[in-house]
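First the structure, which I've put down as structure tokens, then a few questions once you've had a look.
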């Protein structure tokens, strides 16, 4: 199973993961990552918006998933990424990798997340009491990518 | 949230993960691992049984989770492990780690799985057409543990 | 005869909006396009880290030749999911 | 006056069952207990990788002194989840 989605509306991670695990019963292990908008007491962020560039964003996600499939023996892969306006508690991104050996599933999910965070075509802005503000790229994200230089 | 369970009966991973993510909304990311009994065409394994030793197994799981909490800044941790007889497709183990930074969540989930597989008090046997047979420990499992020597 | 410019992410704030339409008589190079923009925006889209897509395909800045019916997108560094 | 022995994992097959009750007159060392078992089982529980728990607490083989009402568990290498 391969499922790559650019979600324009809210999605249900529990439901997605349940379908994924049913479709992956030949794999021994499934690693998933769920990113959600943080909800902290006193956090000034009221909302978050992710923008994309239609001609590149989904094709880029699909190429990334194929790159992971080419490097690790995966039984199934799923990558779902929200765009649009979200509020604290909303799911942003869900990645799942199913493999016979759990080390492969861990590495592939880690790889996918590093790239979705640092090289996929998304732009993020946050809303506080002062209004909307674009988020600057973090140097850490680019450092993360160098971990995967050996993956063709 | 900390949830450590030795499950004598089947559990529902989707339901567990949904509750976990609702309880972890202050964390940006949740990494989970689900291990299920493999279901492959032509696989001779009809059933799998996990045995435990009551005075040590659950206390050992709890100590392991505390060790992870001591080393990585985790908002929530969950570790659920089945014992008893399972058939292909049944969930065996579910681990989830929620953290502000996804790298911590990945590392802690990986750590917990390596130890649940290699040092927790479980014994596994498999049923084929030839009857039940105990599974021997794998050398790879012990090699996996050396990755975590730096974790006190 | 119109050329559409798209400004992604923080470039939207510099441009004052997510897109802009230029009336063009002939295909223009990036330098010629920049001449038609406010100086601050011209500098912003020329930054080395800004990637450029012409009709959905990434192109080098020196390759840009965009005219009527084209869509030119300016993609600053991503700040992802 | 009974001592319960528990055999975990593959030791169950060697012992012919998951547990066994010995009639004991006094607390016994591991060597004295082994004398009461079939030779194959005595060898199996004495293997260096087999851990021992007395009433739920891990103990060194040399520390074992188990008598009436005690439970002695033999834990071979785990083959986990």
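Residue numbering begins at 1 within each chain, and the chains themselves are lettered A, B, C and D in the order written.
The rule we apply is simple: a residue touches a chain if its C-beta (ideal position, glycine included) is under 8 Å from a C-beta of that chain, and two chains touch if they have at least 3 such contacts.
All of these numbers come straight from a predicted model, not from anything done at the bench.
Grouping of the remaining chains in the absence of chain B, by touch: A, C | D. Rounded to a whole number, the gap between the C-alpha centres of chain B and chain D is 28 angstrom. If you average the Cα atoms of chain B and of chain C, the two centres end up 51 Å apart. One finds 23 Å separating the Cα centroids of chain A and chain B. In chain D, no residue touches at least two other chains.
For chain A, the set of residues touching two or more other chains reads 35, 117.
Applying the touch definition to every pair of chains gives A-B, A-C, B-D. Listed in rising order, the residues of chain D touching chain B in the complex are 6, 8-10, 13, 53, 55-58, 73, 75-81. Of all residues in chain A, only 35, 50-51, 53-56, 81-82, 92-93, 116-125, 134-138, 141 touch chain C in the complex they form. Of all the residues in chain B, the ones that touch chain A in their complex are 13-15, 17-18, 21, 25-36, 38-41, 88-89, 100, 102-103, 105-106, 109-110, 113, 144.
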